[in-house]
Amino acid sequence: MRDIIELASIGLVSGLVIGLAALAVTLVFGIARFANAATGDTMTLGAYAALIGTAWTGSFLAGGALGIAAGAATGLLAYHFVFKKLEQRSSVASLLASIGVGFVIRAVLGLVFGHGQQVFQLPMVRPFRIYDIRVQPNDLKIAAAAIVTLVVVFLILHATPIGRRMRAVADDPMLAKVSGIAPKRVMIALWALAGGVSAVAGVLLGMKTVVSPEMGWEMLLPAFAAAVLGGIGHPVGAVVAGILLGVAQEVVSPLVGFTYKIALTYAVLLGVLLFRPRGLFGRNEGVR
Amino acid sequence: MEAYLVAIAIVTGIYVLLALGLNLQYGLTGIINFGHVGFFCVGAYTAAILSQHGVSLFITLPASAALAALAAWPLGLVSLRLRDDYFAIVSLGFSEVVRLIVTSERWLTNGVQGIPGIPRMFADLSGMSQASAVLGLLLVLNLVAIFAMRRMVSSPFGRMIEAIRDNEEAVKALGKDPARFKLRVLMLGSALAGVGGAVYAHYIGFIAPEQFIPLITFQIWMAIIMGGVGRVSGALVGTIILMVFMEGSRFLRDVLPFISEVEMASVRIGIVGLALILFTIHRPQGLMGDYTRK
Amino acid sequence: MTVTRRQTLAGLAGALSLPAFSGVSFAQAGGTFRIGALNPVTGAGSPYGSGMQKMILAAVEAVNAAGGAAGRKLEVFAEDTQTQPQAAVLAAKKLIEVNKVQAVLGTWASGVSLAVMPLTNEAGAILMNTSGAPALSVAPANAKGLGYRFQATNDRFGRAFAEIAVKEGFKRAATMAFNNASGIGNTEGFRKAWEAKGNKVVESVVYEPNQASYRGELQKVLAAKPDVIVTGSYLADTTIILREWFQTGENTKWIIPGWAANPELVKAVGNEVAEGLFSVDSVSNEQAPSFKVYDEAYRKAMNQGGLSNVYAAMTWDMVITLALAMEAAGPNADVAAINAKIREVANPEGTKVYSFAEGKEALKKGKINYEGASSVLDFDQFGDVTPDFGVSIVSKGTIERKYVVKI
Amino acid sequence: MTLRIRGMTKAYGGLRVVDDVSFEVSSTAVTGIIGPNGAGKSTLFSLVTGFLDGDAGSVSFADKDLSRASPMARARAGMVRTFQVPREFTHLTVRENLLTAAPNQSGEGLLDVFLRPGRIRQEEERIRAEADAMIAFLKLDRVADSPAGGLSGGQKKLVELGRALMTGARLILLDEPFAGVNPVLIETISDRVRELNARGIGFLIIEHDLAALTKLASVLHVMDRGRLIASGAPSVVLSDPQVRDAYLGGAAA
């Protein structure tokens, strides 16, 4: 039992990171209406920017802030130079272009930083125990950072005028247009927000693991899976699904074998889609 | 030099098979299949495992096609009714699951060690004549595929899949079930990928799970996007550009020695990315034009 | 704005004409022997590939500076395998067919070597690899005896691990392996040797790479209460696993292959975490003068100590060995004649030599035995070497060699 | 043949978009549904044709219960819809658009495509003749071989009508056939509907253009905020004060 609780808590932390990445995917999907494959590489970029920031200032928080700024800037640049031009076209065009954007980001990172691994120098601390459950201080930090980010994002979405407009566009683009919401401002807010969230996910992933040009790309699949599982375009769903997948992976994979850990994600995904074709929280949309 | 060119031509031929399959699925029917490499993998392993037991080439090729199509069947049945972009992600996951299965099930696939010593095709020939024979076989396979596809496109079946690509809901409104057609198309395209996988296995002679990563799928996508979706000529031209680009960058190295290999890898992926972006924005119909019939 | 087909085609044609002429520029150069440097510059082998390639170039420079081998200069054509068999096959084809190389040096990862070997065999070229898979030793892969392995097989690594575990008095060993041929090869080799000594492996886990966490895997292993964990792993996953392990509060010992447990790792995890790790490597023959020469070249090229990349020492030796064999075979010898001399210049009975220039001189007087930078380089009937294994322990952030194990 | 709708209900969140709607449509008549924007007309269409799952209610056509049937099955039962925004197959020609709709084509099976080309050719000739007749009837001759994506809005509506007819439908549900269509084409469409109705094909039409609709329909149903508020002959319904208030008042605002 103790093992399972520990595994679940491990999964929870991984799940929060996946959930953040999925949140970035789902925000873009809900409003710009395509699956953004550049999300993973935006994460990587955020992690590298945070590394630089930390090295410059010596402060991890300042580094993280630079990471977020870099992620947001990347989102805006990608919107301005690529996705804005594809707005009137099918979602597949944007999806394919986003793969291209991801490749370009990865190429630049590879050229600038090389392919070797880099790490965030976190203090390594031994765990403390609560009811005989091991709790790792670094996990707590990562989880806290993820939760703070989530709270901020949801505050932006629900308590600011631009956030409400974003949600309105997500709910019904036609309606939003009729009621006079300037889509351009919404799009700018969206891309800055999604880029920033990706960067946070990247920094947290980098703290847990190592930073390399491919790290974000490798996390893209789980992030997509979580976004779909949660019901694409549904922010709460993305986060919940990310946690669900993270926990399921850790708790179940000792039983089915660790080599099938990643496959578990898809098993869960397919299983849910069989019964809820639009994901856990997805609305049954009508004729599109 | 000739043998090298033939080698590239052979790999190109294999990729064209894959591109034709994807073109049928995406270009003609609108199925966003991001798991193409999974069926390539199934085909390659089918051929490798069968030929280890002494089964001849004339059986391994069709068997690979059949098994790849069969692998597509449950995937299509379960997920083709999902939204397009959901299917894209589920199929991507499917190809990863295929890779994990061949990695993990050592009793069948020899796991991560891979399967070495897969018999070559036309083994009684040697050198150039063997390579030319392989190329000839690929040419025949591709011609058969193209011929069959042309036949299909001009049939009521072809008309229907293009209708599905243009508007799936409207097809439903006419009382026809799009999923039925999409399932067949998914299986057919997968069969082509399977044949490609079989030829690949026999040609390279060694397969291991790490050869079947999603990057292959995206390369094929790039080929059909550049060449022009919905057109046989597009699949062909796009694949050739892809191969010339990937192989050409080797020679670029000889000319530009100041770019290190590590940087070259980044440059290569960067150019692929830029090409994807520029083509989707400025030349969405690809080099050979889009799928407007005529 | 849309670009017309004509414009696009014209642009592409322009871009492609560039490589077209490059083939010509390498036509016909008399009196040279062409070798291909086929290294994992990108992909999983990228931490080593650049160094491997540069050491081939550096060694060739040394050979040419000493007047070439049997009157011939060496010329290098470098290619990236991308650590992928398919890319490697095309690269090898290009090296063999376009650049007309007669030896291919430095393939890494068993999958790559296994895929390239049929091509070199067919072309009658020598293939010198740094891969671990046992299949490379025997037919069909090495049917023509043109393959040489400068790296210990995975089995030998496993045996060395077991020797060390016994010597250190461990009783309850567990294993963790990266899910690929090398990772599993190491831990399986260990299991065989360990069980042959009457011990038991208390738990073994195989993991997929590129995950956000390996804690589930760790927990399973730690639950069996091992006193030592033996890994077949790479740098990135080892970094993550060790950091996570430390934060579980357990005090297990680790035996890790040298390509993962290197200064990079210590830097990444920090001194406290790394304290007491066992790093096992085929001994780069570092007491030997040959290693010193190599080390100097490596520092110059990579700005790092030569110990940080055992494979680079191997590729260095490949060039020297090949050049010495050429020298021994005499002017204008063909590949078969050169191949016949490789064991002769590298194996015992003969004056020990440590560099090409030295060997060239000594060959005038009689038989030589090249003692390499990577190992003493004695090839058995399969073309495999049995290097000694160095056991290093990390202490206060430095990796210190404690002793050497012979198997 | 009659379409029977009973207790049809659909809610999004707390909002009942279609609220307990029941009525019958005869396949010998032209029936209209009117109502202000957001009254739930299009949603009702989707519910009836199976493109949306309702929360409650039943649908039957020609005494066959279709409440759980797929959109395809409902269409095959003889009840075919068009869309508010035309959904032509953009890359197919007008003729090909019509050809896709013909039911029971053996050429839609892959085996037959390769094994029985002769039979398919015969079938194609027959369907093609049918489609050409339809093209002439709908006055689409000039654009028969152009891709449908390039047509005007009204022509697209005609193509959709033609496709529905090619299926052999007994009852055709038109979603705003006159929206964005020029007056000349509105006349054409109206004429064709009348003529087809005379040949025994029923129509259920959602329309904003009251004038055009009242000239066509013999029965009108009025919806407001998800509910059916009036039914009957156009003259009677339009003079109903509740209707005037909900619909005409709403439209004027």
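For clarity, chains are labelled A, B, C and D in written order, and residue numbers in each chain start from 1.
Throughout what follows, contacts are C-beta pairs under 8 Å (C-beta built on N, C-alpha and C of every residue); 3 or more make two chains touch, one makes a residue touch a chain.
Nothing here was measured: the structure is a model prediction, and the numbers come from that model.
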item: A-B or A-C - the one linked by more C-beta pairs in contact; value: A-B
item: Central chain of the complex, centres being mean CA coordinates; value: B
item: Whole-Å separation of chain centres (CA-atom averages), chain A against chain C; value: 38
item: Separation of mean Cα positions, chain B and chain A [Å, integer]; value: 30
item: Distance between the centres, which are taken as Cα means, of chain D and chain C, whole angstrom; value: 71
item: Between chain A and chain D, centroid-to-centroid distance (C-alpha), Å; value: 43
item: For chain D, residues that touch 2 or more chains besides their own; value: 51, 83
item: Residues within chain C bordering two or more other chains; value: 42, 46, 179, 208
item: Two or more partner chains touched - positions in chain A; value: 115, 257, 259, 262, 287
item: Of all residues in chain C, those that touch chain A in their complex; value: 42, 46-47, 179, 205-208, 210-213, 215-217, 219-220, 223, 235-236, 239-240, 243, 246-249, 264, 268-270, 272-273
item: Chain A partner contacts - residues on chain B that touch it in the complex; value: 32, 78-79, 81-86, 88-90, 92-94, 96-97, 100-101, 103-104, 169, 214, 218, 221, 225, 262-263, 265-277, 280-281, 284
item: Contact footprint of chain C on chain B as seen in their complex; value: 1-4, 7-8, 11, 100, 103-104, 111-114, 116-117, 127, 200, 204-208, 210-211, 241, 244, 247-255, 260-262, 264-265, 282-284, 287-289
item: Complex interface listing, chain C residues touching chain B; value: 1-3, 5, 8-9, 12, 16, 18-20, 22-23, 25-26, 39, 41-42, 46, 49-50, 53, 77-80, 82, 84-86, 89-91, 93-94, 96-98, 110-111, 114-115, 118, 122, 133, 135, 140-141, 179-181, 183-185, 208
item: Contacting residues of chain A [partner chain C, same complex]; value: 3, 6-7, 10-11, 13-14, 17-18, 115-117, 119, 121-122, 124-127, 134, 136-139, 205, 208-210, 212, 214, 218-219, 222, 246, 249-250, 253-254, 257-259, 261-262
